[in-house]
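Two complexes, one shared chain (subunit A), two partners (subunit B, subunit C).
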Partner chain A sequence: MDKKPIAESYRRNAAILEIQDLSVTFRQRKGLFQSEDLPVISRLNVTVNQGEIVAVVGASGSGKSLLAHGIMGILPVNARISGEMNFLGEPLTTERICKLRGKEIALVPQGVTYLDPLMKVGAQVREQQPGKEGKRRQKELFSAYGLPEKTEERYPFECSGGMNRRILLSTALMERPKLIVADEPTPGMDLGQAKRAMADFRAFASQGNGVFLITHDLPLAISAADRIAVFYAGTTVEEAPSSDFASEALLRHPYTRALWRAMPQNGFQAIPGTQPYVKDMPKGCVFGPRCPKFTKECLGDIPMRAVRQGTVRCILQHDEHKIREARESKDAQKAQEEREVQKYAGGR
Partner chain B sequence: MLEADNLIFSYRRRELPVLDRVSLQVKPGERVGIFSPSGSGKTTLLKLLSGYLLPQGGKVLADGKPLPRSGFCPVQMVWQHPERAVNSRLTMGKILAEGGKTDPRLEALFGIEVDWKRRYPEELSGGELQRFCIVRALGEGTRYLLADEITAMLDMITQAQVWNALLEEMERRQIGLVAVSHSRELLEQVCTRVVGLEELSYSGVKR
Partner chain C sequence: MTLAAVNRLIIYAAKKAVRMAALLVMVSLITFGLISASPIDPLQANAGQAAGSMSQEQLDRLAEYWGVDEPPVKRYINWAGDVLKGDMGTSLLYRRPVTEVISQKLFNSLFLLVISWLVSGVLGVFLGILAALYRGRLADRLIRGYALLTASTPAFWLALLLLLVFSVWLKLFPIGLSVPIGMEAAQVTAADRLRHAFLPALTLSITGISGTALHTREKMIDCLESDYVLFARARGESRWEIVRRHGLRNVLLPAITLQFASISEIIGGSVVVEQVFSYPGLGQAAVTAGTGSDVPLLMGITMITALVVFGGNFAADILYGIIDPRMRRGGEAVEEQ
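And then the complex of A and B:
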């Protein structure tokens, strides 16, 4: 494959990480001599540009962690990966990721089980930099995250869930990476801490770096990321600017809208069903079986389409988007009017 | 009623106690949400209420009796990290059976698929694991449930599904709940009252 266009696009858009048509399959044993392939990620596209925080938001069990592990090259041996990944315009091969990970690309893993339970946390954070400089950097990071100084002498079990997450975050920042892949960095933090962690990601990104935030936490992604890719059953169904999540009407995919309506502040409504299991993926649209607007056409191939400033993998949305844009401009007009009314009332 | 009476607890001697004379009453069917910053002792309080830790002062009573030292405890806890609350060497079916007799109705209510029970914890996502942990904690003898950030790892739809199922079951059996979460919006949605941890402690009352 010709790699030139990507190198050029790096210079143009300063993309830090580009993922094109990424698929991951697991080979599972079936009986004594047979095996079958389970597709856990299929045809996924995401780009993280310089200075950007891009969030991949998806249901639990949709393969988000595998995406992080795929980028880091730490998938289990029975996994096979296809498609293209580029880091700073160069293909991210197995050899390259081995050299880069932990240095240029750092992972903030999901789950505090990634910490060594038998090692004091300060020593864990400094493991790759045992010298004086490492000690200084570790203290700097701990104080930046509001971890008391005596924390470094504690074991992970003596720290709260939120503290352990911040310890993992400090570990990732030790070597000053170019890209952070953060796999669910915030559960267990309170709102203030999550905001601080996101502010740190923001500061990190604005120094010309990138943050690839993998999360199930839609409110967090809305407040922290520049763009949101909605991940469902192993693929991206919609990519949208975070600002589109201000209103349900601005969203492009029925699944994204269902997510929006399930937020506690937006009604707490849950659509029934679960994500399809990889062994019995539906034909055509992966959301088809749960979609209220399902038609026969949804059984065909669903291409990724551009709608306004985003993309969507849905045929229905495309027909509707003209109506929606009309409604939006009306909404915007109404909001503008309301603002003016408030301004007027405030002025008096 | 589940009662905590002036609980005192500190992890290290000579340090200020994490919990200083904390009192709380939960009636059957009542759902209390506790909202406060991370590291303030919410999980510790739940561990005391469920008998995993013993208080250095004060007492915990469930329906007028101290928590049993053996046998099924009427106060059951669901943990923040399901991956740490299951034995990784057991299949999910066996993990579920740890809570006593299994109930297919509950499994269906929480969307547990038959196929999942043959798998090991490693092969399930956090959300799928948490459904097992909740059903395991909802054994016949459970009168009070303690929920420590049980949906912090779930996406919005799964969170709403799990809570709606849990609310239905708790309503049916008049189970009392103490829930801890960092999301105020969530607690307002699922609880009958929301309090800050500092309001429950002696020092908070004095202020």
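And then the complex of A and C:
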């Protein structure tokens, strides 16, 4: 079998999936003869090691699904992909992903539209394993996810959104892959089901596999993943161990900190402004226009730096950063109190 | 099936029946109106020169036979009353009961219609899928070119062309009729029938393919660009597996529906094509009845064709309900589990 060299290289470095400087651009027609390139993902870095769940957290429209599709080799024809992707230590070329997908790498797609509307869901889940064993496994998965036995005879339109998510999840767990790429697997599931899914991912990872969890749900990522890559406007601005999210001061990037503060238990403060649209990306740092620490230097090239056990794409030096940030959070607290007082004062 | 589903079915069938009755009344009225307004004088058309040398008594009897003297409204009411009693009258030209004439002609036509309907359907779906799979490439451009060309080619012109090439030049097929001339009915073999029906059927098939092919192509392109095909690719399915598992499933349904709904076009085409090949089918009989003022026969033919077309559309609807699970089971609410 030709499995051996892969297994060897995989033992050499524990990385299951390495993505370096990945960029995805769309070529779009503009006018009759011109075309323009829309960069939707630029210089993205992320690694999934053996035994790990790595979460990519980003807002809606930041390019998360495209990242998943880029890994699976199913980007639209007008998309161009560049950069480096390695799977088990070997380049993940177009030919290779065509052979591996569905076998070594499984995708959990984002929504019900990824199910064939005219095919019963049980048959869709068993698609790659039509035999008895497949049937047994599918029944096992359905009952584990609280899908009644008769669900397999239903069509996707007869299932609720949450049921369809669980069905999609089952498709990935049917196969015995090395890597699962899950694109927003939990919305529509109740807490118990989501926990169950995460526990399954954990069990799957501990068998020497990897999970690449794509989500916009930071609390879910913190509780489920080992490491978190924060995705903003098509790039990773920070990669940090989940444990760093215990305290704001441990985080490296202003956007990550802003996300942290936006979590309910940390004050629920929304970040002002919106993500830049791909057509008018800011010069230099992508977070520049919304960053409270913006300086002129931020207009230059912002390289990825290693800081402690993670990386960050920000020029702020960490120590300084920490101090200023600490001071500011106090200021922010004061300002918040001030605002509250004024609100009630003005109410009269 | 649940009780609610049965109820829905009954209401549906009742609605359809009412609509069909209304359609038949409309069609018969319009046909009758058109014949009454027709400038063709039945006496002139059928007795012709001979009428000039006839006695007044003979002329009166002829006028009575062709129903010239009665006012149209009265004639229509008489006709409709008979039809309701199950009597479609007697053909004035063939001097046989209309039902008998129609069933014989219909049999000839059905042979032609069914063959070309099946051939154009199967080929249309096949070519449509092929074009979608090779979208923008040579195969697609050829198929689309073919479809556009045949869609804009008049059926009679194509019929003449085929007649010229295959019958006159190559002498491969007979020039006309449904059976060899002068042969006893008992001696006519299935091979003879096929040989005679071949060119008319070919003409109808060629012109019938384009709609189904273009429609199937669109549906297949939609399917290939869908998220579920994307996911099928992500699961490692090959192109062929995708076509077989997802493509056919999603393309056949609209194709079958369209094919049933397009029965009217094939029937329309058959009128012209039967005329060119002098194929003694319903279409030709319709032309003869129309130009010869054979009112009972023409009325009978229009009723029957209206019924067939309506039946086709009805079948399309029903099939849609049976094949498409979203229609078949759509009434049941989604259960949250």
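What we mean here is this: the second predicted complex is superposed on the first by the 305 of 348 C-alpha atoms of A that agree within 3 Å, B and C clash if a C-alpha of one lies under 4 Å from a C-alpha of the other, contacts with A are read in each partner's own complex, and residues count from 1 in each chain.
Assume a contact is a pair of C-beta atoms (placed from the backbone, for glycine too) under 8 Å apart; a residue touches a chain by one contact, two chains touch by 3 or more.
Bear in mind the structure is a predicted one, so any value in this text is a computation, not a measurement.
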- Using the superposition on chain A described above, determine whether A:Gly288 touches subunit B (first), subunit C (second), both, or neither. neither
- Message: For A:Leu218 in the superposed arrangement: first (subunit B), second (subunit C), both or neither?
- Response: first
- Look at A:Ala59 in the shared chain and tell me whether it touches subunit B only, subunit C only, both, or neither; answer first, second, both or neither. first
- Query: Counting only touches as set out at the top, which of subunit B and subunit C does A:Gly51 meet: first, second, both, neither?
  - Reply: neither
- Query: If you stack the two complexes on chain A, which partner ends up touching A:Thr113: first (subunit B), second (subunit C), both, or neither?
  - Reply: both
- What is the contact status of A:Gly162 with respect to subunit B (first) and subunit C (second): first, second, both, or neither? both
- Task: Could you say whether A:Glu184 touches subunit B, subunit C, both of them, or neither, answering first, second, both or neither?
- Result: first
- Which holds for A:Gly83: it touches subunit B only (first), subunit C only (second), both, or neither? neither
- Partner chain in contact with A:Pro91 - subunit B first, subunit C second, else both or neither: neither
- Task: Identify the overlap between the subunit B-contacting and the subunit C-contacting residues of subunit A.
- Result: 111, 113, 158, 160, 162-163
- Message: Considering only the defined contacts, which subunit C positions touch subunit A in the complex?
- Response: 226-228, 230-237, 245-246, 249-250, 253, 324-326, 329-330, 332, 334-337
- Task: Please name which positions on subunit B make contact with subunit A in the complex.
- Result: 11, 36-39, 43, 80-81, 83-84, 111, 113, 115, 124-128, 149, 152-161, 163-164, 182-186, 188-189
- Message: Could you list, by residue number, the parts of subunit A that touch subunit C in their complex?
- Response: 69, 72, 74, 98-103, 106-107, 109, 111, 113-119, 127-128, 146-148, 151, 155, 157-160, 162-163, 171
- Query: Which of the residues in subunit A end up touching subunit B in this complex?
  - Reply: 57-62, 65, 110-113, 158, 160-163, 184, 187-194, 216, 218, 258-260, 262-265, 268-272, 274, 277
